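The structure under discussion is supplied below as structure tokens; questions concerning it will follow.
We call the chains A, B, C and D, going by the order they appear; numbering starts again at 1 in every chain.
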Amino acid sequence: MLNFPENVNEAVAGIQDGSTVMIGGFGNAGQPFELIDALMDCGAKDLTVVNNNAGQGDQGLALLIKEGRVKKMICSFPRQSDSWHFDAKYHAGEIELELVPQGNLAERIRAAGAGIGGFFTPTGYGTMLAEGKETRILDGRGQVFETPIHADVALIKALKADGKGNLVYRKTARNFGPIMAAAAKHTIVQVSEIVPTGGLDPEIIVTPGIYVNSIVKVA
Amino acid sequence: MLNFPENVNEAVAGIQDGSTVMIGGFGNAGQPFELIDALMDCGAKDLTVVNNNAGQGDQGLALLIKEGRVKKMICSFPRQSDSWHFDAKYHAGEIELELVPQGNLAERIRAAGAGIGGFFTPTGYGTMLAEGKETRILDGRGQVFETPIHADVALIKALKADGKGNLVYRKTARNFGPIMAAAAKHTIVQVSEIVPTGGLDPEIIVTPGIYVNSIVKVA
Amino acid sequence: MSVQSNDQAALAAGIRKSDKPLGRNDLARLVARDIKPGSFVNLGIGQPTLVSNYLQPEQNITLHTENGMLGMGPEATGDQIDGDLINAGKIPVTELPGASYFHHADSFAIMRGGHLDICVLGAFQVSATGDLANWHTGAPDAIPAVGGAMDLATGAKDVFVMMTLLTREGVSKLVETCTYPLTGIGCVTRVYTDKAVFLTGPGGVQVRETFGCTLEELQDMVPVPLTAAPAVGG
Amino acid sequence: MSVQSNDQAALAAGIRKSDKPLGRNDLARLVARDIKPGSFVNLGIGQPTLVSNYLQPEQNITLHTENGMLGMGPEATGDQIDGDLINAGKIPVTELPGASYFHHADSFAIMRGGHLDICVLGAFQVSATGDLANWHTGAPDAIPAVGGAMDLATGAKDVFVMMTLLTREGVSKLVETCTYPLTGIGCVTRVYTDKAVFLTGPGGVQVRETFGCTLEELQDMVPVPLTAAPAVGG
């Protein structure tokens, strides 16, 4: 059932130790900063985090990593100029990394939401990121077998929600939000505005409310 | 390159004998009736047609089938109260039928557009529609291997297009349009209105122009 | 086991009873009542569509139609009829506040990804372990047509079947093993019939309520072992 | 083969020449000029981004950015800067008329489904058969990071590489076999360098134009056999 927590801390209160948590955003666009801060505050640990990157600077996901709360990162691009907390943990052998080409990351998340048990893709074929994976030739091309990435929780950011949990996003802040919402058992969304049901044109809804569990308005 | 033919006959003129043609629509909603009539007029034969159904009454796809222009149907629901032309051809052994569960049909079309070489799905596992197909247990469930359905041409209907070929649809007439546009080498769209580039909000575009080749306005 | 002892067991288990078989509309009302508030539901073509007539606004049920919509409203009438707004049975329908539209792959991703709480389907046969046969009679001259039945059967969290318990010839459609071609394996969780409501699953077939017959009379009609469901059904 | 004969072959083939190596901006201008009108293009992070500065409006090129947009405009400045509108390099950009937004799976479906006409990427190495290495140095202490490189390399119809021909140490980056970890196999179709433009493919490496060197001098720098491209390049 859809609920509307009072604040981000209430929204994330149910996240358990050992959960797999998808976090939306690409760069700062679409990052649910307030929900990530609340995840930090709530104390959940031994997390597997799915995000395109592995934290930047001294905030958000980077801080979760610094505090040792993340046991594994599944991402496409962990190395950035300011990803020093991930770098340190990685070199200390204190965090596991599953590196996934960005398109495989997106498609694997999509597959989880769509009930696909696995798929073949040319991306990564013949590279070290396909080592140990099943391959076959399909349509005349070498392809690699990839499996869905499911999650217990998704933390995403949208622009607006209505009373049914339908979501619209803004520009390139849309990125991973819609597919993570579908892939997670429990999807928590921070929005700038909650409008009455019927306040969003049915033609422009990007994420239908069926994929959404909790909506919290963030100032 | 995107073009804007004067009429539907010009739009379909390049369709060759032996082509695989996807035709959008579910029931009458989203059916590109004028493009189907033009396909009838243009004379192309030995067609493989991908559509949810196999024609109804004495019009459109049913007429193409009646005239013996379709050698194979790929569809989920050929049997309807008024599908007498398909019924007759099928019982006469004059048309081949590949029956596909509707969700597999949609996902296989989507896979073609998305560059997926094949995927496993629980749909159809243990049924006669999975006979002869590869299966395996994934996520604890029996799953069937399904392959993409590519097409030479897609004929679809949308509500509006802009000068870049971006499309928006209307209500449940959207159905197969967006995925067929992506799966076909050449996508021909009939629309009710062509607006200037910039006349569609970038947030609400359903099919980006990259998937569209020809747009024809139909009264 | 005597009729009496069986009925005592049923009584002890709190099994509900009514004194006559249920008509289609009463059955639809019963299914509607059993759908948990806030559920996302797909109603199959035919008899299951009747369920929508009995859903109450306070249940806050969202209906899905596989041709690309959530938030489907009642059948359209008069000026409401819009050729671009139809359900999976190709009947004109209406749109409720909070509705949304999406393309066919996204629509089936909702079904196949396990996001629907319940789908309600008709059936030719249901097996004791929840196998479903509802798409094909298997007759050699029949043109096969499957539509979205396999996706619904396989994808929804719960699959409710609505059917008459017996064929016109008086043969049980609840069977040990389906003889008609299968739609899905072990997918049906409840069977609503004119004579009883059955819960199917790994634990065998349990009877939740009977309509115009005793559990023993029911057992005489059905070739699979029946037990009374525990009191907390619903 | 003497320098002279080789140059005569080049001349006969209509090979283009300039008298000095090309700078990064001149190379970007050249790539921009080579993109066919109406193309859908993805420009990789770094040097390839420069190409956008030289695309002409009459070319009607649509730029894709993998974080979910077609119709990307130039880098945003001043009041145009909007944190919700960035490119794959996380730089604020602008939106052109006819732009569209989509989610990450839809965006990568555009790349992976073969819908982009061209992507332009940087590289550590390119092999004679078009293998690309551009994501990982292979150094044991390096943190690997791949982003969308493999999807672009594998998905675009044509993959253009922009790089200096030689490393700082004077070693050719055009190689017989890549020693760095691969990004994609046999995917590169053209290599734009400061010293020459190469066409790669099953027929070996052909030189389309040279900048400040002869074909023979180029051959001395590059450990793979070079031939002059047929006159109709472009």
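In this text, contacts are C-beta pairs under 8 Å (C-beta built on N, C-alpha and C of every residue); 3 or more make two chains touch, one makes a residue touch a chain.
In this text the structure is predicted, and so the values were computed from the model without any measurement.
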item	value
Contacts common to subunit B and subunit C (chain labels)	A
Repeat of interface B-C, chosen from A-C, A-D or B-D - more than half of residue-number contact pairs shared	A-D
Centroid spacing, where centroids are CA-atom means, of subunit A and subunit B in whole angstrom	33
Computed distance of Cα centres, subunit D from subunit B, in Å	35
Geometric centre distance via CA averages, subunit D-subunit C, whole Å	57
Subunit B, residues touching no fewer than two other chains	107, 114-116, 121-122, 169-171, 202-203
For subunit C, residues contacting two or more additional chains	95, 101-102, 105, 108-109, 111-112, 155
Arrangement of touching chains [line / ring / star / complete / other]	other
Listing of all chain pairs that touch each other, if any do	A-B, A-C, A-D, B-C, B-D
Touching residues on subunit B, where the partner in the complex is subunit C	26-30, 76-80, 83, 86-87, 90-91, 97, 99-104, 106-107, 109-110, 121-129, 142, 169-179, 206
Residue ranges of subunit D in contact with subunit B within the complex	37-38, 40, 62, 64, 69-71, 95, 97-102, 105, 108-116, 155
Subunit B to subunit D touching residues, read off their complex	1-2, 112-116, 162-164, 166, 182, 197-198, 200, 202-203, 205, 208-211
Residues on subunit B engaged by subunit A in the complex (per definition of touch)	107, 111, 114-122, 136, 138-139, 141, 143, 147-148, 168-171, 201-204
Contact set on subunit D toward subunit A in their complex	65-69, 82-87, 90, 95, 101-105, 107-109, 111-112, 136, 141-151, 154-155, 181-185
